[in-house]
Amino acid sequence: MDARPLLAKLSRLDRRAVFAAIAVVVVLPFLSPFDLRATPSEATLAFDAALEKAIASGRPLLIDVDFGPQTVAEMEPMLLAVLDRVFAAECKVVFVTFIPEASSPLRRYLERAEAKHGLVYGEDYVFLGYGSAYAYTMYGMGTNIGAYFHSDDRGTKIAELPLMRRVKSLKDVAAVVNIASNSFPRFWVQYGVAPFGFDLIVGATAVNATDYYPYLQTGQIKGLLAGGRAAAEYEGILVDRGVMAGPGDATRGLGSQSLALAVILAFIAIGNAAYFLGRRGAARKARP
Amino acid sequence: MKRALGYRVPAALLLVLGLFMAIQYYIPHPIVQAPKELILQWKQPINAYIIFLALGGLVAMHVRRVVRRRERWGYSVLTLAAAAAMTFLGLAYGIQDDTVFADWFAYLVTPIEATMFSLLAFFVASAAFRAFRARTVGATILLVSAAIVMLGMIPTVQDAIPPLGDAAQFLLKYPNTAAKRAIMVGVALGAISVSLKAIFGIDKTILSKGG
Amino acid sequence: MRASLAVLGLVLALSTSAAAAAAPVASAAGKRDGEARGWFDSKRAVNLGAVVVFAGLFLWFVRTGRKGRPLYLRPIAGLSAIDDAVGRAAEMGRPILYAPGLSSVTEPVTVASMGVLGRVAERAARLHTRVKVPNYDPLTYPVAQEIVRRAFAKVGRADEFQPDDVSYLTSRSFTYAAAVAGMMTRERTASNFFVGHFFSEYLILAETGVATGAVQIGGTDSVAQLPFVITTCDHTMIGEEVFAAAALVGDDPVSRSTIRAHDWFKLLIFAFVILGAGLKLAIDAGALAWTLDGLGVDGAQRVIARITAALYGG
């Protein structure tokens, strides 16, 4: 049977058919779940090592959460895994955000973490709230946090918080962890790491993460979680270590991600097969 | 006077403050660092003012559309009503977690934006299907690299063919990083050049004297 | 000049009072952590050297440009295609869409985008074609409006400029993408320009443009979005080409000549990369030790260890 007419038709496939196929394969694993386990990449292992080193130092961490509703599916599992790890180790953490829409969700995550780990606000963790003019505030926090955050998210003066008496500037933290769906890690490198030299550990979306590999290579970023798959890898590490009881949403999403990638590859293969067969047919027709 | 305020004073501010902020990076002395801290702190209220500017511009534009009965002016009424409602709710009842404002944000804005982001999965698939054709040598290299990275990201394939996973990591670590770094260097130099032109008044676009 | 002096005086007065207020705290902090509080931070010497070299090259080429020396610059694909894209829109009687990106006018790439917008608007005005400019940033909106207005006025078509064509939509990226996608679909724009900084929503904009059959010209400094720009646009300006394009549209010899500064500085970086890689290879292969021993240098191993620590971090 001559498959060329079929392939030619497939190469001009209406994009709505592509959309439908993607929709089916993304939904399928939620209806019929299957287990997938991702082998941690070098970047994920570097993230884990850097975070462990920071926790082991005994000094507080600064965690900057910069993702909004759009990227919750990809970034929330990452943040929850990091929260589980730092609070299980009884590490003290100062939280901040530079995008207004992250404040409310972060409050909810912290409330849940407080209940789960028995935390005391002001001693175990502080949420400084939303800081505007991100680049300028990052640069300023390197020398004096209190000048940019006079009170925390709850309206309490910074000086009245026990944890903030220890953390006056970024020199007082073991590391800055930035979980961001935008390009803020780059600003942390420019306005934080370059002038003040602290450790920067980053969790980013898969699209943005490729921008940070150069910084990872030079050591300006100490570790990188690159997207949902890396979040699944990190969840696996924490499950093996006994920090997390079971896999989280990132691992559950691996099935959809993998099937979607396979479908895209299949469509690319079909498109190219049709292209080459069409070219061969045209060449044959052109021969005298 | 009008001409001085319109152009000369902003240009002078740009020159002095631009040079100062560049030079202060190398001088840790308090007499230089103190004004720098002042400038950084002033940026926060200036940024807050920009939000009012945005709101004012939005309201003015949509009011104009309603008054002049432009096409689809009904949507402008909707926009104004939504902006007014959220502003009223936020000011009257606060924006903490158990308020109407927070609920509307969580149950209206969040799902809408998450849905818009999820559309990217479909658009990526259709863009890949349309664009990844091995028409030239360069396109073929692009196609093969993309295929290796995509296959290397699938856990079952990575477990079955470990060299594929290694190849994917190699591509991300070396060629991708080298290309990104080269582009970043170029972009950084371009940005410095545009900034220097603005500071020295060679390019007046930022003062709306360009075009 | 007088304005600059007045501003300088104001800044000095403010700084002196701020320093007087902050000095006790600052010097106490300096004593506490023992960091440099002098007049020069020696850790940033290399950085300063690079800035001085680039600024020197930049000012040299500004001087060269002012003398009016002819300068060849290779054509930039996206820029060369502007006339064709505008002409297409004029023939089809449909508007042009120009999206200046999602960063503020304080960012260099948006300033560059405004330069390209001026060229597009001027060409469109000559051909009686509307340019719709949806803005994401409230600061960019008045600048864009002024640039388009001036472009129309420059070619004597001020009455054809419609203020509502340049609008501020929203400062949320996906909402902006939805609004612009709707605009492209309803207005059936013939040519789309995406020049500026974009985030993840770019693909929604560009794929919608592809679906409407528009010719698309894209340029961005956003490295993450470049693959999407390349696959969805007919002509692309990659990274630095956006800044070069802005310099070229001005037809101003000074702006054009500053592009030379980029090229020379990149050559310098390239030379250092080759030097550094060559030196590392020589150290690893033992060639450097052999050379230094042959030249009779005492303590060759110590010298190599210091070079390795300084350049490669140990």
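In this document, chain identifiers A, B and C correspond to the written order of the chains, with residue numbering beginning at 1 in each.
Basically, contacts are C-beta pairs under 8 Å (C-beta built on N, C-alpha and C of every residue); 3 or more make two chains touch, one makes a residue touch a chain.
Keep in mind it's a predicted model, so treat the numbers as computed, not measured.
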item	value
Central chain (by mean CA position)	B
Inter-chain pair with the most contacting C-beta pairs	B-C
Farthest-lying chain, centroid of Cα atoms versus that of chain C	A
Chain A-chain B separation of Cα centroids, rounded to whole Å	18
Separation of mean Cα positions, chain C and chain A [Å, integer]	27
Interchain centroid distance [CA atoms averaged], chain B/chain C, Å	13
Residues within chain B bordering two or more other chains	25, 33, 37, 113, 116-117, 124, 126, 128, 130, 180, 184
Residue list for chain C, restricted to those that touch at least two other chains	174, 200, 223
Two or more partner chains touched - positions in chain A	15, 70-71, 143, 210-211
Residues of chain B touching chain C in the complex	4, 8-9, 11-13, 15-17, 20, 22, 25-35, 37-38, 50, 53-54, 57-58, 61, 64-65, 70, 113, 116-117, 119-120, 123-124, 126-128, 130-131, 180, 183-187, 189-198, 200, 202-203, 205-206, 208, 210-211
Residues of chain C that touch chain A when the two form their complex	29, 33, 173-174, 199-200, 211, 222-225, 313
Of all residues in chain C, those that touch chain B in their complex	3-4, 6-8, 11, 14-16, 18-19, 21-23, 26-27, 30, 35-41, 44, 47-48, 51, 54-55, 58, 62, 105-109, 111-112, 114-115, 117-118, 121-122, 138-139, 141-143, 146-148, 150-151, 154, 164, 167-168, 170-172, 174-175, 177-178, 200-201, 203-204, 206-207, 210, 221, 223, 226, 228, 231-232, 238-240, 242-244, 246-247, 250, 254-255, 258-259, 261-262, 265-266, 269
Complex interface listing, chain B residues touching chain A	25, 33, 37, 40-41, 43-44, 46-48, 95, 97, 102, 105-106, 109-111, 113-114, 116-118, 121-122, 124-126, 128-130, 132-135, 143, 146-147, 150-151, 153-156, 158-159, 165, 169, 172-173, 176-177, 180-181, 184
Residues of chain A defined as touching chain C within the complex	15, 70-71, 143, 171, 181-183, 205, 207-208, 210-211, 219
